[in-house]
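There are two complexes below, and they share chain A, which is joined by chain B in the first and by chain C in the second.
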Partner chain A sequence: MTATVAAPPVVNRPSPVRQSLLLSRRAIFAVLRQPQVLVPSIFFPLFFAALNAAAFDRITSQQPAFAAQFDSFLDFLLPATVLQGVLFGSTQAGTEMANDIENGFFDRLLASPVSRTSILVGRLAGGAVLGAAQALFFTGVLVAFGARLHGGIGALLVLVVCSALLGIGIGGFGVMLGIRTGSAEAVQGSFPLIFVLMFTSSAFFPRELMTGWYEVVARYNPISWILEALRDLISIGWSTGDAMVAIAVSAAIAAGSVALSLRALRRRLAAAG
Partner chain B sequence: MTAVDARVDLGTVRSGPAAIIREMVARNLRGIRRQPATFVPTLIMPVFFVITFSGAYGFAGRAFGNGNAMSWYAPMAIIQGASFAGMTMGLSTARDFESGFFDRFLLAPMGRLTLLGGALAAALVRALLTTTVVLLVAVVGGVAIPGGALGIATLYLSALGIAVVAALWALGLVYRVQSTNVGPLIQVGIFMAIFLSTAQVPISAMSGWLPGVARINPMTNVLRLARAGFVPDQLNPPAGFGVSWAEMWPGLVALGGTIALLAVFALRGMRRLTP
Partner chain C sequence: MGPIIEAQGLERRFGDLVAVDGVDLAVQAGEVFGFLGPNGAGKSTTVRMLTTLLKPTAGTARIAGYDVVRQAGDVRRCIGVALQDAAIDPLMTGSELVHLQAVLHGIPTRVADQRGKELLDRVGLTGAADRRVGTYSGGMRRRLDLALSLVHEPEVLFLDEPTTGLDPMSRLALWEEVRYLNRERGTTVLLTTQYLEEADQLAGRIAIIDHGRIVKKGEPRALKEEVGSPTLMIEVEGDPGPALERLARFGEERPCEPGMLAIGLEGGAQQLTAVVRELDEAGVAVRHMELNAPTLDDVFAEATGRRLEGADEPAPAP
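Right, the complex of A and B next:
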């Protein structure tokens, strides 16, 4: 009697890139399947754009420093509206990661032959795609209501790239919190920080019109650097320097948050043994 | 053990509505101590609004009547804080529904109106706390109150009124949905009511569609009442500082009318509840 040795089963393991693509598709569908999650990050930026344009257009048009640069308050608000939507929406990546941990899906991913980095890349790539889509949507709506893009298609591209990078950047902070706490509530509790980040920047008013300590805080807020470069691109016209500043600052925020979330993932894996 | 003691043990002795309301307020305040995360943001956000709005919009001071943006924004932030107090009362009731605690309230020997009264009283206590803290921050930040004691009284009156309005709106929705998922709807209603008014700038400074909406929004008159002691009346500029009856009555009517309407909304929602 001869013993037959069974051939090992063929495991069709996708490449890490394919794994990341599959996981990012899952992240995008997870958001699209819950429209109530998207509504606040779409409704509130558009509501505040409409409200602030009607409330402050007359006052700001009487300020020479403002009137010299912007045709209308809506033009001024365009990049802030886009970033507001992206920042508010990006916290969802962290919430979803925490949900995965709470409901055990994260442990099932760890037990499967999925690359650890793909878990993170998939989640953040989903945030980047949603950020870019939000940028196109908000720009379309505001242009339909009279905002103008003096920087043309180049300015729009930079706006989309910055939104995608900030989708990664803010999403990365959320993911880091989600991994560290494993609590969706804790991630959602970080939302006021995003609010503070926006309100202490030049999102809603030009720094030239601010005074005192508020102007100093806004000057050193990195969100102001991105917004001001984007505003120049949108309201004045194409400038390679402004495009580089906006992309570089967004990329730096994204790199920092990816590093932090990677570290949190490594620690969690080490703790799990 | 005597028969009387046994009756007490079974909990058949009914307390008066005032005692029940007092206990509900005390329970809510204990909740703040146990879970400060549910209260602290409602206190910090209005303070943050006073500081940031005044810093960002300070350049437009003249548009606010007295050149001081903080005098314009402090009453608005106080009204917002009071609305948060009412809103969180609704959310805390929603959590009671989810945990099953509210069913025990419904089974207890007390009137439904007492249940609603307890929630409103707790919202009023929370609003008193936030109003006092934000007002102190504003005064320390340099806000003057030329309207004096009457100006402070109208501010507290409007803040407490808005706390009741927000609580009735939130409770009306929570009694129907019985879940914290209704939170975003509560927030959107309150945010829209506040911001589609003179919350940010006077009507004379607005343009486009907003002045038409702000004029018919009852919140505009409530804010006028809240600001009466802080900035000159926007509708009758020659009146200058000081609280006049002309500034007060539209706000009082707006509060009374909104409270009456939302009380009906909340009571109808409550009537659907069965133990």
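Right, the complex of A and C next:
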């Protein structure tokens, strides 16, 4: 081994930022490399949009209040379609986290000098990027079919930001489940909850036309608050107030869920530790 | 300089179960140390504590002078870990994983890429570097796992059952790599195994662990010498009890599988004719008979009263 020249010493400085960036990239790649996992979250929202637009366009357009605000039912459905896709797609972050735990990759990360929050940031940043991409995709499809954004670029931007935040919010919830159960099946088992969250909001039907308990539940469902603010931005025009409501509620959900997943991670490390 | 791996009274409980029950350990820099024991003996749990993945219920451990609980971050910087079952993300490619691992350790990108290439080459994965790990064979995954645990050139390498489930060729290749690392780089290696031969071949010193306790510690050769006499194993027709009685004067009974009898044959091979004569006189029908120089299995048997060989899946001989 005389040929071996002493290599100059390399100083290893683990950087949480570099770690987070690379782990985020890994999370995005994970989705791109198994596009089949996105099929339900692309298919269902478009399916519901097509179905509802066909079924309700005539009825709702005869409602004077509705017709006054929306050009078509498709305009009404645009934010719901986007959020539905984001909500359905975001559980993937939790599934991936559970997979990491199941196949042992999580342990490999923990045995490396990785800042513990980088592991979460990586997963959730992946969810945010995915959410934003979905917002652009669904808006593109619906606009191609005749939906119109009266709020212009501003409305689109708010839609994208809210989707990214909800990507973190729902992703964080899935990640929390993934960390607590370590089972991809358990995370996927939470899928119906997201369905319920979506269908008990005013996503597919104007709240003004709801009655009884349905209206009450929809009124207090935070998804309704985001949706209605987005809807006004899209169908009426730019309003700073609406933009702030939509972003603030999405951000609050994201913050809450990040806190929950951080707590789950700490608990797991303390218990395993 | 003190030992590079040091544990005192290391203990881990899971509820009522005591998985590791007071392990003391002192491994010097440059050693290859083997942890030998059956499944569930506490090998992996000990490794998980030494690699900061699990906090001890009691006791302390230090790696390169750093406490595994209070200075976990420092410990993680100087150790390489390849856990059981090659923990790797099936969606990433070999080179991506090496790069990721390097960045996690804070190695500058340029150095990381160069070193990653070298490592993949060393473990014979250059051709598969850009393929997803999901398409790798078991042996390739283990080799990648080993490469991953080496990107930051760790002082101490932990290998938890590195060859379990591997085919004989892959096993030999991995042994060779461990020897190379130890010899050329001076890497200290702590490996766990349930294979006697692996411990015998690789480790300069071993600890036999059973039910969470270290029951024997030392150099394999010295341990085998301690056992002394070779083991005479006889399979007879029917109940081995009477035959065992007749042979009592030839040596101590040793643990063996049911239906067999085993004694430590004092005086060795010279006594064989006498043994055969004795069995003949007693009218014992012998089915099979063998005389073996002491193995680590005899060491294990003497310490625990059970045999390790054949207790689990048999080790495929390389």
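Before moving on, here are some points about what is shown:
By our rule, the second predicted complex is superposed on the first by the 260 of 273 C-alpha atoms of A that agree within 3 Å, B and C clash if a C-alpha of one lies under 4 Å from a C-alpha of the other, contacts with A are read in each partner's own complex, and residues count from 1 in each chain.
What we mean here is this: a contact is a pair of C-beta atoms (placed from the backbone, for glycine too) under 8 Å apart; a residue touches a chain by one contact, two chains touch by 3 or more.
Just so it is clear, the model here is predicted, and its values are computed rather than measured.
In the superposition on chain A, contact of A:Ile59 is made with chain B only, not with chain C. Of the two partner chains, chain B is the only one touched by A:Val39; chain C is not. With both structures placed on the common chain, the touch criterion links A:Pro113 to chain C but leaves chain B unconnected. Once the two complexes are overlaid on the shared chain, A:Thr211 sits against chain B while remaining clear of chain C. In the superposition on chain A, A:Trp238 makes contact with neither chain B nor chain C. In the superposition on chain A, no contact is made by A:Phe137 with either chain B or chain C. On chain A, the surface touched by chain B in one complex and the surface touched by chain C in the other have no residue in common.
In the complex of the two chains, the chain B residues touching chain A come out as 37, 41, 44-45, 48, 51-52, 55-60, 63, 181, 184, 188, 191-192, 195-196, 200-201, 205-210. Across the complex, chain A meets chain C through its residues 1, 10, 12-15, 18-19, 22-23, 26, 29-30, 33-34, 100, 103-114, 272-273. Contact residues of chain C toward chain A in the complex are 51-55, 73, 76-77, 79, 81, 83-92, 96, 99-101, 103-108, 111, 132, 148, 152, 184. Of all residues in chain A, those touching chain B in their complex are 36, 39-40, 43-44, 47-48, 51-60, 63, 189, 192, 196, 199-200, 204-205, 209-215.
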